[in-house]
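Notes to accompany the following structure.
When the chains are written out, they are named A, B, C and D in that same order, and each has its own residue count from 1.
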Amino acid sequence: MRAKSNPLNIFEFEKLAKEFLSKEEFDFIAGGATDEITLERTRRIYDSIILRPRMLTDVSKVDTSTTVLGESIRFPVLLAPSGGHRKAHPDGELATARAAGRLGIGIVLSINASYTLEEVADVASGPKWFQQYMFKDRGLTRNMAERAKGKGYTALCITVDTKGVQPKRERNIHNKYAITNSPNLPASEEGFWNNVSGDSLYDYGLSDPSADWNYLEWLVSNTTLPVVVKGIMTKEDAQLCIEHGAKAIIVSNHGGRHLDTTFATIEVLPEIVEVISNRIEIYLDGGIRRGTDVLKAIALGARAVLIGRPIFWGLAVAGESGLTEVLQILYDEFIRALIQCGYHDLNSVDVSLVGLRSPLENHLS
Amino acid sequence: MRAKSNPLNIFEFEKLAKEFLSKEEFDFIAGGATDEITLERTRRIYDSIILRPRMLTDVSKVDTSTTVLGESIRFPVLLAPSGGHRKAHPDGELATARAAGRLGIGIVLSINASYTLEEVADVASGPKWFQQYMFKDRGLTRNMAERAKGKGYTALCITVDTKGVQPKRERNIHNKYAITNSPNLPASEEGFWNNVSGDSLYDYGLSDPSADWNYLEWLVSNTTLPVVVKGIMTKEDAQLCIEHGAKAIIVSNHGGRHLDTTFATIEVLPEIVEVISNRIEIYLDGGIRRGTDVLKAIALGARAVLIGRPIFWGLAVAGESGLTEVLQILYDEFIRALIQCGYHDLNSVDVSLVGLRSPLENHLS
Amino acid sequence: MRAKSNPLNIFEFEKLAKEFLSKEEFDFIAGGATDEITLERTRRIYDSIILRPRMLTDVSKVDTSTTVLGESIRFPVLLAPSGGHRKAHPDGELATARAAGRLGIGIVLSINASYTLEEVADVASGPKWFQQYMFKDRGLTRNMAERAKGKGYTALCITVDTKGVQPKRERNIHNKYAITNSPNLPASEEGFWNNVSGDSLYDYGLSDPSADWNYLEWLVSNTTLPVVVKGIMTKEDAQLCIEHGAKAIIVSNHGGRHLDTTFATIEVLPEIVEVISNRIEIYLDGGIRRGTDVLKAIALGARAVLIGRPIFWGLAVAGESGLTEVLQILYDEFIRALIQCGYHDLNSVDVSLVGLRSPLENHLS
Amino acid sequence: MRAKSNPLNIFEFEKLAKEFLSKEEFDFIAGGATDEITLERTRRIYDSIILRPRMLTDVSKVDTSTTVLGESIRFPVLLAPSGGHRKAHPDGELATARAAGRLGIGIVLSINASYTLEEVADVASGPKWFQQYMFKDRGLTRNMAERAKGKGYTALCITVDTKGVQPKRERNIHNKYAITNSPNLPASEEGFWNNVSGDSLYDYGLSDPSADWNYLEWLVSNTTLPVVVKGIMTKEDAQLCIEHGAKAIIVSNHGGRHLDTTFATIEVLPEIVEVISNRIEIYLDGGIRRGTDVLKAIALGARAVLIGRPIFWGLAVAGESGLTEVLQILYDEFIRALIQCGYHDLNSVDVSLVGLRSPLENHLS
């Protein structure tokens, strides 16, 4: 299946993928905004969140499944919306959807996909949601949602953290990287992302820079799909999501690709969980690379997590089978961690499973 | 005695041992699970636990001895159960037991030893305990315990942190490392550990994945040896050990070889000491490399510590005499630290000897 | 415009400038006192101050302007007083003043400038302040202030952290670096800075080592320009500034160039903001390299920030156009950060925008 | 004066000294016990203790002098007792005493000096104390004290942290380093230090391993010199020093040369200052390399500090003139730091001058 060696984990997949991708593509996928401090922090923080394993529990039967907005998935992982999977493999999102289906998990298809939402829907066997933006043209916003619903997408994911200004991703600017427009979007002279590495810093593209909570409320009222808000990093905004009709939120810092020096997503999860208080579902993305990372997010109150860059590493290495292997590794690591921590399903996993501060600090003056 | 230079401490022994061992064996011994974060943390934490030495006490007569489950040892160190010492030296556990005897300390023989428990018993002069697992076949569990007792083993150590799933030790998988089965176990087509580096992640081997606290209680009732539970990392489980009849516990994260990103063992020791409240004995393993490490563990409430990997470094360098030298170094460093801290025996060593947070933090706003 | 590549940020400008400058000049500009711990800390701290972006606010119209002592600037950045810009480019402060004018921001001209205050005034189109010291000769102090006022300078900045003793900047001493005297100062046999790298450590030059708060009060009474005190690092001194008539203060550790092992300026800002309680304006310099740094300082209570070394990097690379590019980058990054954080002007930016401690610490025991 | 370049600070002196010394001697002087964690910590901590400089105070007249046990010194530095200065330069302690005299500071002569206490007394012009141990032979202890008093030594410094066991300094053991005995001590077959790098770990030499607080009390009663206890690292022992008649203490971890993983000395200073409550004087050694380090120790309550290794660096580079230069540098840096912090003498220097925790932590949730 692969040219060189057998990657055993997602880090090794990334390393191998780097050999299959041009520098420009690799940098676009792997990189983040400005100094990449958020990028690094979002991943690194998992290494200092501690698991407190419990012993002598019955783990002879283990069930890792859960539901997201009522739909069942085999383990609590979704594939994050991310543009243009063809940059990693010609099969692009078709391979992505098939691999997700093999593992029994869901996908959130990006409006910037390399294939149309209809083409992807035809090969997706698991839960599928559609992700888009709040466009200046509200008709476009509504129509895209209805078009997705018509093809069986069951939720509408709205990304709210990229509105108003292009990110400064310096690797891309140095590489003179240009994004290919998606077939999902209406043709236009400018295109949606055509200035991402250019000089026009304040090109709002098709997005509406004046979009506020009223726009969200309008959207909720004007689509029959449940709305999932992606890009929340504060408890204040989490509260506003509920007040304006969101059915779920995704705690996300856009993979460290937009604003630099934010918290890691897992750092703000608990305060958001607290304010949400089980009223809607909470997901999280950013930095998930190990099965233990997934378990920590669940323990801290996420319903499920999303992975983004690992999709590209799997696709780049071997298309559908590469991504399938990536997902299989994550599943294997997750079930292993769950068992080693003494749990046989997700119901009883709670915050008592994780620690942060060394207990020594409490016991030594 | 040795080919090259005279190692002065256990770190230098490890470095020298690396030259005597194949990469595959060295990696198996030295390595840990997945990212080896727990492996590193468990060792590194000792460098930031502080000794507060007391001056002008009478140290003209010093006694480092203690007892474990009533048996006397010359200083508070035991040799941890660890499989297949022949991978380091042909004399394997025979050399191990003889070296322990020379230093007046005890051994905990692993069921996965390279020699049978009977062969080892014949050469052991100090305290000896036998370590095994909770097997699916309870008869096997009981019979092994009785067989050990018959040869003079005085305690039964049950490892509880490896049940249910194979660890993911990536060095071994890359090395295609295969474990040799122990002569202690009944021959079977599969063997006990034959899949450790293979693809079958959920091979429970002979262990019982449904083993819970009732199994422990059954075992306590069905053997006349005191039961020592190895692998406890939470105060909750420490409390349960007492409730279900354990006579002692070993705080252990399996040397960072199973679940990654747990606390270091010494970090959780104080909260376990608190909940146990002197009702049973508490030992600790993981990361002990210096005499000062032993002293810190004693000060924080451990009755004794166990060392694992250093056994292999000693054996690899020079068999029985190499391990004897390792133990002599640890003894020398321990008595030196004890004296330098102003103590002449272990009775008065308590938590006041250690510190963690800089006192500056309390005195400067 | 430039020889090699297009620097995308101020760090890259510094790197490129290093190629245009002699080692002696680069070291003088980039270096700090003794071990350069303050130098490093003052910059590095920004990476751990966290932004908490808010979503779904209307950012269709954005205004980054503010006022400093009543004068309008396009975004909250001033050019810090810094001696001898000709060491970076022949046009020196003339280029500096023109670049500031292009971006609509203000300058604080150093008494140690390479051009006279009159020459610079003639080309400056934005707000301009004049910086000097408290001289032994109070007549000189007053006369310089009046001379500046006569040419349209609108505030008098008094640097108070360099009085009494030469700094120990070891790079300069090793380089045998000699400072050129400024045309602003009266000719004298000794000159003002002639011993900066020499052996006479306690050469007070023209500065008055006995200058105290009474001197400040005298100065406030003897000039019609508002007095801005530069070099305050404690809340105690901030309070004294108000009591003795200062109209504004600049929180500054002199770019880490005088006393080593102080706090970073941004670290002491909040306690100074608290004690000042909006009675006078507070500015800050030190370590500002990214637009997000500017935003963090504003959120923590600074009215504006000053940049010093980046002036030289811009000038060294391409004179006026180089510095213009540096300022344009900072402006671009600032507006981008403001928008990404969900703000459309500076009025509502407050401390709720920033964080420091991981919220995990509050939510995990 | 020197072969190569002009060292500007003590770190550069160390680097240069390394070229003048054999590896064995350099390692003996520079090295510490086992992993050298205390050695590193004791120095490094100064970099994170913060100075809070005050502005606009009158520093036209500066006085750095203080007294130690009533004797005046030019600035608050003493030369620490340290064995065998001839290993750095043939003039040994004669050069040391002369250099101290030139700078107007005091020396504490080690009993392990390369010259007799009488020879050194003849060239010393400043305050001089004598340091020794508590010997098994109390007559020897008393006689050495009287002999020192007879030659004008004004205090007796008793080192209490090395009693009972040889330190484990692995560099020395690898180097097969042998210490030369001092002419101060009675000739014996064994000598005092002859086993320092040998195999006999528990050689107590002439020191009394049973020496306790009663011995101190006996010594205080049996000598007319004030007794200074060196090697205190806890508030408990500081309190006992007062109770048993010490006139001063030296907070010291023996330069990280005996017990490893203790606190840095400056870390325990404040709690010792608190318990002593001005009843006796407190000095400190360990890690002092910069004038700012001296100032921090004074601010935290030390009366003076002692330097050890820098003596050797100065001597190795150029004997008396080299050490004079080292002391001059320290004096220059100290007075500079004092002035830059806004003080004109030591009387008003107190804990308000220093900080540790970032003020940001108090102001940001």
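One rule holds in what follows: a contact is a pair of C-beta atoms (placed from the backbone, for glycine too) under 8 Å apart; a residue touches a chain by one contact, two chains touch by 3 or more.
Bear in mind the structure is a predicted one, so any value in this text is a computation, not a measurement.
Asks: Common contacts of subunit A and subunit C?
Replies: Joint contacts: the list comes back empty.
Asks: Between 0 and 180 degrees, and as a multiple of 5, what angle does the rotation take that fits subunit B onto subunit D by Cα atoms?
Replies: The best-fit rotation has an angle of 90 degrees.
Asks: Which chain has its C-alpha centroid farthest away from the centroid of subunit D?
Replies: A
Asks: Taking all residue numbers at the subunit A to subunit B contact, is the shared part over half or under half, that is, same or different?
Replies: Mostly different residues: under half of the interface numbers shared.
Asks: Distance-wise, how many Å sit between the C-alpha centres of subunit A and subunit B, to the nearest whole number?
Replies: About 41 Å, centre to centre.
Asks: Centroid from C-alpha atoms only, then distance subunit B to subunit C, rounded to Å. What do you get?
Replies: The mean C-alpha positions of subunit B and subunit C differ by 59 Å.
Asks: By the touch rule stated above, which residues of subunit D touch at least two different other chains?
Replies: Correct list: 49, 355.
Asks: Which word fits the touch map of the chains here: line, ring, star, complete or other?
Replies: ring
Asks: If two chains touch, include that pair; go through all of them.
Replies: Chain-chain contacts present: A-B, A-C, B-D, C-D.
Asks: Okay, in this complex, where on subunit C does subunit A touch?
Replies: Subunit C reaches subunit A through residues 8-9, 46-47, 49-60, 290, 292, 332-333, 335-337, 339-341, 355, 358-365.
Asks: Hey, which residues of subunit A end up touching subunit C in the complex?
Replies: These residues of subunit A touch subunit C: 34-35, 37, 45, 49, 160-161, 163-168, 170, 173-174, 201-202, 208-213, 215-216, 229, 231-234, 236-237, 240, 258-264, 266-268, 270-271, 274, 351, 354-357.
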